[in-house]
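There are two complexes below, and they share subunit A, which is joined by subunit B in the first and by subunit C in the second.
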Partner chain A sequence: MTILRIGEVAIISYNYQEVEEFIKSICDRIDIRNDRLSFGRFEVNDQLALYLYGISVDNKNKSISWDLISRKTLGFIVIFDWEDKKILDAIKPIIDYFSRNFNVPIVIVASIKDKKDPPIPDKFFQPDGIPLSLNSRFTFGQTDDPESARNIMILLINMLIEKLS
Partner chain B sequence: MEEIEQVKKILIVDDDTSYTVPLRNALSKGGYEVVCWDDGQKALELAKNLQADLIIAEVELPQISGHDLFKEIRSIPAYKSVPFIFLSSQKRVDDRIKSMELGADDYITKPFYVEEIVARVDALFGEISQLSEQQSQSETGFSGSLTEMNLVDLIQTLELGKKSAILKLKHNSSIGMIYVMNGEVIDALLDDLSPEQSLMRMFTWNTGNFYVEMTSVNRERKINELNKELITAGMRRISQWERINQGLPPLNSVVIKTELNTYEDLSGEENEIIQGINEKKKIYEIIEQSRFDDLKSLAIVKSLYQKGYIKESEESFISYTDNYVAQLKKNASQSKTTHERVASIISNVFKNSVKEKKLIEEQRNERRQLPDRRRYGRRRDDRKRESNQIHLTKADLLLIRERLS
Partner chain C sequence: MVVESRLDLKVSDRLEILYHLFRGEKISPLIDKFDNHGVSGFQKFLWEKTVEFGIVCRGKNFDRKEITRKMTPTPVFQLQQRCTQSVYHCKGTQCIHSNPKCARKKIKEHVEAMAESIQEYIRIVKKRELF
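Up next, the complex of A and B:
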């Protein structure tokens, strides 16, 4: 395997299960897992790959060095449980911090558990996301659904392409 | 007069009929006129007479390579900007990158689903028509965000060139018009306000969009003050507005009355405003519906907020949005309006609006100018912003997107 170009994406959530579900939906499996980080590899071909770093920001991970993580990150995908207001409140400062300090795209995902009976009509799964600022988009998504996870990732990639255009 | 849209012509150059036949059928069904050719050299001759709107070509062709065909076609003046899509069985990254670097609009690997190609072709034509619409708009005027350029800036710009134009400003759900003749503001329209009141309100709009249509204006002059006087009044108003606004939540925040229900301590004007807040209302709605001048209304709302008679709606963003969702389920046809409303609610929650970013940038600039800057050195924030960069090329990103789809 001779991968030459790597794009790194950080997946952030309060719930490590959500992070892992998302990575598995994109990469099929988790390559490395420890108590702070889950890692998955999405290989486009033998020269290009996306590395997904999943970080759950619960109490254990209070002292994460975002500066280091952000240095090579293409963008952030921040997932929160749509039903749980406490999680939204907790994740807000992190999103604010990313927006203020890192000039990279941020996709904010309101995670919905059961797609069969979504609380939101399908048209709210906006392919372009709802723009919140120049660098951030909001969308709904289902982390354990590969199609939904891929759409979220495509949204981030589209933002990057836009940035380069 | 309704414009008749011409059928788009697509030229497919590929010697493998197992791909061209289903592709031609699918594109024809999609409403396109399709011509297929199996030889690159002959296709080049054909292209000169066909005036195709799009060319789809295999990279490896007999006689002439797809890349050479691309270069030859693009050298014809009429084909300088005709979109070009490469097809290829090659999965090598280099090959794709070369195609993209040449300037192709897309690169599709075989085998492919014809539906996918039709969707991409539709999307490509959609982008082109959007672009040409924007270009035709920019020929007669210009548009932008009020955050970047407010009304004072716009008037000054038009005054400098002694231009005549109609300015259209959009802020929340309001749309205002300003007529400028030879660089002088002569009239303004907004709801049922007088021309002067309309203008004064629009001076305070620092979010939303503007569109300037450069056109001759023949209209009775209803604003007699000179631009200089208007701008001075406008600047003063902006400064007063911002001063009063400090300490208030964003103006599109929803507020409700608190449990305080004795209004004896309030002035008559405050009483009048609070009596009008019988249900949840956005702050700007209270101001717009008030019979007082906007500055006065804003000051009254601030006073009521500071005295604890009104507060931001306690319902969380989620439960509040849930109400909208319930509404949406009832009336699915309002997607655009509600989409914008949900976006505005979510924006408030995350508080990372462009305005706030601008403020942060201003604060950062102030810090940079501090005399003890040398002692503290550069802030980490400054460094971080500069360190982020995209390490992949556009071609890499297109490949990733293709693989994800």
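Up next, the complex of A and C:
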């Protein structure tokens, strides 16, 4: 009997569209969707699957129990719109909360419209991102582009491997 | 490799620095937001990024003097400030606590020099990519 191992990754953004685009770029489809959460499944093979939980934090009236959500998370991908400084300011406390409270990789993604035209040449942030701390890296990415989304996932997985080795 | 110490900034502060940097904005005004430990952390973080970007741009031809030559030499700065401390003290990490006004002035200049170097590295790589 084959045992399926599951790895969970949380995708966080103020914009639910960005979260869904990202999950769809990796998983082809969204399996479950409600007003706060989107869920997609990426099956690597019959023994390993990645579950992507997309959490949109745009509703300020509802608090999120990050400690419950994050208990088994392999890592976080936090997405913000590079052109919207207000979103960056809003997402900062979440980034600090994750980096203070969870010893897992965090990839912070500045979402851009065209991956071929990033604000700085990709040589500076591809493939490893720009280190911000032991557990966090910054990169640019196009959330609705499968190749770009895949690169972000690979970066997160490489950070996990580095942590283990 | 990133080594964390008490000088370290919050991850969000580092992100904010990169945000302004990659938009080509002046970053020395950000220093006013930080306490003395934070100012030293700011300088340390930016130095690391400048070196990283320098290495990506220049490869093994990278020379840290490319960055430091944009900064006022410490003996000259001390003379300008009529400072009688030893040169060794004028790093901004020690006198930031005893004479924060002077140290912040020096660090602001250094930070702008580093930001200028990063902008230069970005321009060079962009230009190279066009050809």
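Heads up, the rule we're going with is that the second predicted complex is superposed on the first by the 150 of 165 C-alpha atoms of A that agree within 3 Å, B and C clash if a C-alpha of one lies under 4 Å from a C-alpha of the other, contacts with A are read in each partner's own complex, and residues count from 1 in each chain.
Criterion: a contact is a pair of C-beta atoms (placed from the backbone, for glycine too) under 8 Å apart; a residue touches a chain by one contact, two chains touch by 3 or more.
These figures come from a predicted structure and were not determined experimentally.
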{"item": "Partners on subunit A (subunit B, subunit C) - clash or fit", "value": "clash"}
{"item": "Subunit B versus subunit C as contact partner of A:I32, first or second or both or neither", "value": "neither"}
{"item": "Partner with the higher number of touched subunit A residues, subunit C or subunit B", "value": "B"}
{"item": "Which of subunit B and subunit C A:R150 touches, first, second, both or neither", "value": "first"}
{"item": "Partner chain in contact with A:L134 - subunit B first, subunit C second, else both or neither", "value": "both"}
{"item": "First, second, both or neither for A:P93, with subunit B first and subunit C second", "value": "second"}
{"item": "Which superposed partner A:N101 touches (first subunit B, second subunit C, both, neither)", "value": "first"}
{"item": "Subunit B versus subunit C as contact partner of A:L160, first or second or both or neither", "value": "first"}
{"item": "Those residues of subunit A which subunit B touches in one complex and subunit C touches in the other", "value": "85, 88, 92, 95-96, 99, 108, 119-121, 123-124, 130-134, 136, 138"}
{"item": "Interface residues, subunit B side, partner subunit A - complex", "value": "91, 93, 316-319, 322, 325, 328-329, 332, 335, 339, 342-343, 346-347, 349-354, 357, 360, 380-381, 384-385, 387-388, 390-394, 396-401, 403-405"}
{"item": "Complex contacts: residues of subunit C adjacent to subunit A", "value": "2, 4, 8, 10-12, 14-16, 18-19, 22-23, 49, 52-53, 56, 122, 125-126, 129"}
{"item": "Footprint of subunit B on subunit A - complex, ascending", "value": "5-7, 26, 42, 44-45, 47-48, 50, 67, 70-74, 82-83, 85, 88, 92, 95-96, 99-104, 108, 119-121, 123-124, 126, 130-134, 136, 138, 150, 153-154, 157-158, 160-161, 163-165"}
{"item": "For the subunit A and subunit C complex, residues of the former touching the latter", "value": "85, 88, 92-93, 95-96, 99, 106, 108, 119-121, 123-124, 130-134, 136, 138"}
